[in-house]
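Structures are listed in the sections that come next.
In the two complexes that follow, subunit A is the common piece, with subunit B as its partner first and subunit C second.
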Partner chain A sequence: MSAAVSAVPAASTRRRGRSAWIHRRDRRGIWFVIPFFVGFGLFMVVPLVYAIYTSLYTTRIIGGTVFTGASNYTQTLQSGQFWSGVIRVVIFGAIQIPVMLAVAFFFACVFDLGVAKFGRTFRTIFFIPFAVPAVVGAVMWSFLLEPQFGPFVHVAGALGFRGVNYFSPSLLLPSIIVIVIWEWTGYNMTILYTALKSVPRDVVEAAILDDTPLWKIILRIKLPMVRPAVVMLIFLNTIGALQLFTEPQILEYFQQGAVSVNYTPAYYAWNTAIAADETNLAAAMAVILAVIIVVVSSVSLIFRRRRGEFS
Partner chain B sequence: MSSRTRFRHLAVVPALPRRPGFSRPVRMTTTVVGAVALSLLAGCSSSSSSSSSSAASSASSASSSTAASASPSVTVEAGGSCSSSSATKITFWAWVPGMGRAVTEFNKTHPNICVTQEDVGAGDPEYVAITNALKAGSGAPDVAEVEFDELPSFEVTHNVVNLVPYGADSYKSDFTTWAWDEVSQGSAVYAMPGDSGPVAFYYNTDELAKYHITPPTTWAQFATDAATLHKDDPGAYMTNFAAVDLQWIMSLMAQDNAWPFAYTGGSNVTINWTGPAQMAFASYWQNLLAAHEVNSTTDVSATSFADLDKGIDASWISSAWGPSYFAPDAKSSIGDWRATALPQWTAGADVAANWGGSTYPVFSQSKHPAAAAEFAEWLNGTTASWNITKTAPSSLFPTFLPLLNDPSFKDTTVPLSGSSTPDVAFAAAASSIQGVPWPPFMTEALNEASTVFAGVQNGKETLQAAFTDFQNVLVSYAKAQGFTVST
Partner chain C sequence: MSAVLSRASGAASAPVETRRERRRRERLEEQDAVIPAELYGLRRGTVSLLTVLAFLFAIFTLIPIAWILINSTKNQANIFESFGFWFSGPFQFFHNFSLLFQNVDGYGTYIQWFGNTALYAVIGGLGATALSAFAGYGFARFRFRGSKLLFALAIAALLVPITALTLPLYLTYAKAHLINSIWGMVLPSMVSPIGVYLMRVYVDISVPRELIDAARVDGGGEARIFFRVALPLMVPGLLTVMLISIVAVWNNYFLPLLIFNINTRYPLTVGLGLWSDRAVNSGDANLYPMLVIGGLVTIIPLIALFLILQRYWRGGLLLGSIAN
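Here is the complex of A and B:
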């Protein structure tokens, strides 16, 4: 069954590949790709090369700029602060991604079954948090969680948990997880929903005729068939988790000292560049973080290619 | 004017793309299908216009905030249209509200100079913009507002102009000694001192009376009173100890003669957070914190102002600008607030402290240093200017003696203090402050402090341990920056 499903996108990819080959010698196509490559060069390649170049030097208040080779890299690799941030985002992802995907899959199934009234409207409502800029979302949540006036503190108080501080060291990570789940569930749900919609009707109809219970149809038939989408979302969300920045940065504005300078690797690189004015060291951190992400992405590509999702 | 902690909340939020992992192009059939479905969804649903417009606005806000982080969004506050087109053009960066009124007055009275004021952000965002412009070689303002603690960071890189050749010395006698000390290095003067924040004991007279406490004159008495008060009402505190507000803690350390730095310019710096005086200071406050006899939240925040207003905190070790920040949040305690001198470490002594305040240097990139210096001197060294900036919304507290000694300034009343005149105590404090040598890396120190001292705020670490950690962090930073460090 799953082989039949994965054969469909594979075939379509091949068809596209052939048509691209036919037009390869048509030079007019260049004009269509030049705008992309100009932007790609200016905003991807140039900054990347500049970051690597910068990371090889060190600018000191006393003594100016000197070439220091790999010293910024060794300093970062040996920095406990940097790695504790990496470990934190890994823990963050290990909790946030499964929870969010489970919630997203649940609602995708509900909408896919068509049992909910006003399904289309609710799908749009669920998607709205994704359209809200992360900064705005984080500011809004900061107000909700604020220890003095925030309504959620009063909710917790009414339930018997007095003096709860959502910004405290033990609750900060769970708070950020909740915020990020709120922001991204709708987006993940939409992708899962469209994947579920592509499950062939006849397969489901056959299962229904066989008197298969609903939960089996969902977990044993539909879930395996949308597995490529789930795998893709796991990797995309992992990359997103590694780059976690906006939410902790905004929360720090609301309670000074709540978020440590090295809370996440991206936040640490930013603090190193802006507050400590150690741009070179920050560039090395950014490059190392990028390498980690490239490794994760490559693993994802290899994994998916092995499964024959694309060639 | 003020503490960075306050302004951090107002600062421009630098924008990095939101978790950009998601926005990367992915060659995936599901994604393509998903994207098509999304546009269909948006197109078909009844709320299509709202969802697409919010997507559009999110895109535009993202691009504008990205631009802001590259070159901060600039608000032109004053100037721009001067009477004479041949006038020398000066750019001035400052964030004090209402400062534009003084600039307009200067332009009116100095037809050959045309000052344009821009607000590129309060505190850090402005320093980042200046530092970037200095590195780039162009784009820095001629004159800018720079807090006292940040000035040495610009001195050490030789980016500010010695104002002595432009007649700054003739203003020396018009300023408090400590303020002039902090803008001077040897015989050079690197900025004009502006406003300041003399610290006083700012207390709720009704609350203290309730516990039969009179304002303590010594810190020993203060500790006893704090214990008494907390015992009478376990939900109330004598005051709040803001462990993550480094500038505030350092002002109290200065008053205790426990200043943790020595610096006179150049490449030698002394960092000492672990000496006997510093540890004694830490242990005094740690004892109060451990016994929960002082509150331990952030200061200059909605939380701390609510605590003051509700009588949870009976006093605030506040600077002269503090009450104007507290006033909008005060409701039930309006009229109850008085100011008096800080408790002393030695009975009968008269040592005060300063918390906050700004200076106005001329940057070496300026093409018109003489005109820029003339403006900086007029802005900070004339009664004409101070008569504007002392009033709301600027409400600056002067280092300028003619105003500081003016009875009509000291006798001002504000609703928060009823019929009392709090500025008498703040003005008295202004004359007993000792100048302090700020190290040339305060941005980094302030940034690290919020992490290092967070454990003290939530009771996970002692103040002594935090001082020791902070010592290590700063020493390794200073060494990495090429300084010769003594401890």
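Here is the complex of A and C:
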């Protein structure tokens, strides 16, 4: 250590020489970032560029692959099927996200305040679904909700609702909402809980001394202080909702015909690429979906930049 | 150089605290940080009511887990005919388990998918951690031409959703004849913009600039300084990034679903998806019990990993939440 300590002041006396030397060393940093950017170029930039390129062509049975410009885009953007999928995920998000965040915030507050017993145990249990792959979560819930044998059908029957079909057109979306809420509430709660923990203790103590009721402490003091986390979760979950794929795809296996090919935009793009083998059209859909999501997340970034959180 | 090195390694091995002591300390610290509930002037019974609500939500959370545990012991008929939340009929757990080692009806062997998943997750996860550590350190401790632009590029990549990238990746593979290639799965998993961001943040707070400068004055090469001085200080951040990347590959469904079309290459997620399709639509008698026990064996390693490494998950989530 002594060698290092004595060397630094000696160097700083020859300041100009030292900074030039440091500057020279600084340039070597490029070698540390090159491996990542090689992968970045090959597996992110190249595929995106290739998808855009492919989307400008159309393969016909007669005539082969020809350049058709924006026709795949106009076809997608004018297709009612594509937009009905987009509208569905928007409705899905508009219900699922507020419900989940309300539940997550409620329990995050309860555990943060320490007003329920066994808080640590509950927090661990709530987080478990995050460790379950979406495929397995969807498979388990498909068994539970299965219209003929699923235990939840029996439960509904016992409560007086006979012949409930959770995979019917009217109940399919609510079923998916329940599955996704099951998967993600614990994760959202954990983030909110961590954010709530950072609210200074003396602020809350001062409020208690002023006889502020608990609900006011939560809504007027704590909620504004964790607002950045809430905003971040809203955007994060919105992006997740727009990409909804796994749950409907697995449910369709359990009840053929329950999930239409265009149920969500991602599912539609997959069906177009694989089942319909229209890769050029699917490429256009992927690009449009990417643009929609990039716009949403850019808005979130600008939103948070303005608040000085992200630099 | 040697002086700096010994200090760095000394810092890495300094905390001598057993796991039990740490848990105890954490619990005490947590209790200390919480304002006693009595001070809020709550009505009598509020604590009980809230505990009951938390208990109800815990039941909702555990229902599928309990179901899959119980039904992994049943045969096909009992999975459907007996009550879903209690045991029934012959205890078939070990028979079902043995099916995971067989290629029943040619749909693929579970144990092979398990091996594939582990392989993809470990190589992909370690690769992602290494690339993120290099790049994060490069961005945090060097200022070279274009460094700001490149970092902005990595951040911009955070905005592009996985789903939107996967389909283009598939189209590219189809053109480049990379369908069914293991590398087609592993290499893209190594590119983790979030990992780069997390490592940059972590290096900024945990590797002092002065220490690097001192090591340079002592005459260490940049690679040597990275591995001997910086890396030991980055270990907790590395573990977090590794955990996030391994779990991301383990749970990945969309990419392998698109790029693999022979079942010897499948990871667990795609294999189980195939089984649920075949179980329902081919009427094969063995597939339902296999699907149930297969699901159970898939989630157990992850839940165990999560319970053991909770601390790093939390840290990663927190950091990850800032970035996303």
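Going forward, the second predicted complex is superposed on the first by the 277 of 311 C-alpha atoms of A that agree within 3 Å, B and C clash if a C-alpha of one lies under 4 Å from a C-alpha of the other, contacts with A are read in each partner's own complex, and residues count from 1 in each chain.
FYI, a contact is a pair of C-beta atoms (placed from the backbone, for glycine too) under 8 Å apart; a residue touches a chain by one contact, two chains touch by 3 or more.
Remember, it's a predicted structure, so these values are computed and weren't measured experimentally.
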item: Partner chain(s) touched by A:87 [first = subunit B, second = subunit C, both, neither]; value: neither
item: Contacts of A:133 with subunit B and subunit C, given as first, second, both or neither; value: both
item: Superposition-derived comparison: subunit B or subunit C, residues of subunit A touched; value: C
item: Touched partner set for A:276, first subunit B, second subunit C, both or neither; value: first
item: Which superposed partner A:194 touches (first subunit B, second subunit C, both, neither); value: both
item: First, second, both or neither for A:219, with subunit B first and subunit C second; value: neither
item: Partner chain in contact with A:77 - subunit B first, subunit C second, else both or neither; value: neither
item: First, second, both or neither for A:169, with subunit B first and subunit C second; value: first
item: Touched partner set for A:102, first subunit B, second subunit C, both or neither; value: neither
item: Touched partner set for A:302, first subunit B, second subunit C, both or neither; value: neither
item: Those residues of subunit A which subunit B touches in one complex and subunit C touches in the other; value: 120, 124, 127-128, 131-136, 148-149, 187, 190-191, 194, 197, 229, 232, 236, 239, 242-243, 245-246, 249-250, 253-256, 266, 270, 274, 293, 309-310
item: Subunit A-facing residues of subunit B, complex; value: 5, 8-9, 11, 13-16, 18-22, 24, 26-31, 33-34, 37-38, 41-42, 44-47, 51, 54-55, 58, 61-62, 65, 124, 128, 131, 156-157, 243-245, 267, 298, 301-303, 306, 440-441, 443-444, 446-448, 450-451, 453-454, 457-458, 460, 477, 480-483
item: Sites on subunit C touched by subunit A in the complex; value: 1, 3-4, 6-7, 27, 30, 33-37, 39-42, 46-47, 50-51, 53-55, 57-58, 60-65, 67-68, 71, 79-81, 83-85, 130-132, 134-135, 137-139, 141-147, 150, 153-154, 157-165, 167-172, 174-175, 187-188, 190-191, 193, 196, 210, 213-218, 222, 226, 247, 250-251, 253-254, 258, 268-269, 272-273, 276-277, 280-281, 291-292, 295, 298-299, 302-303, 305-307, 310, 313-314, 317-318, 321-322, 324
item: Residue ranges of subunit A in contact with subunit B within the complex; value: 9, 12-13, 60-63, 120-121, 123-124, 127-128, 131-136, 146-149, 168-169, 187, 190-191, 193-195, 197-198, 228-229, 232, 236-246, 249-250, 252-258, 260-262, 266, 270-271, 274-278, 293, 309-310
item: Subunit C contact footprint on subunit A (complex, rising order); value: 1-5, 7-8, 11, 22, 25-33, 35-37, 39-40, 42-44, 46-48, 50-51, 54, 103, 107, 110-120, 122, 124-137, 139-144, 148-151, 154, 182, 185-187, 190-191, 194, 197, 201, 204-205, 208, 211, 213-214, 217, 229, 232-233, 236, 239, 242-243, 245-246, 249-250, 253-256, 266, 269-270, 273-274, 279, 282-283, 285-287, 289-290, 293-294, 297-298, 301, 309-310
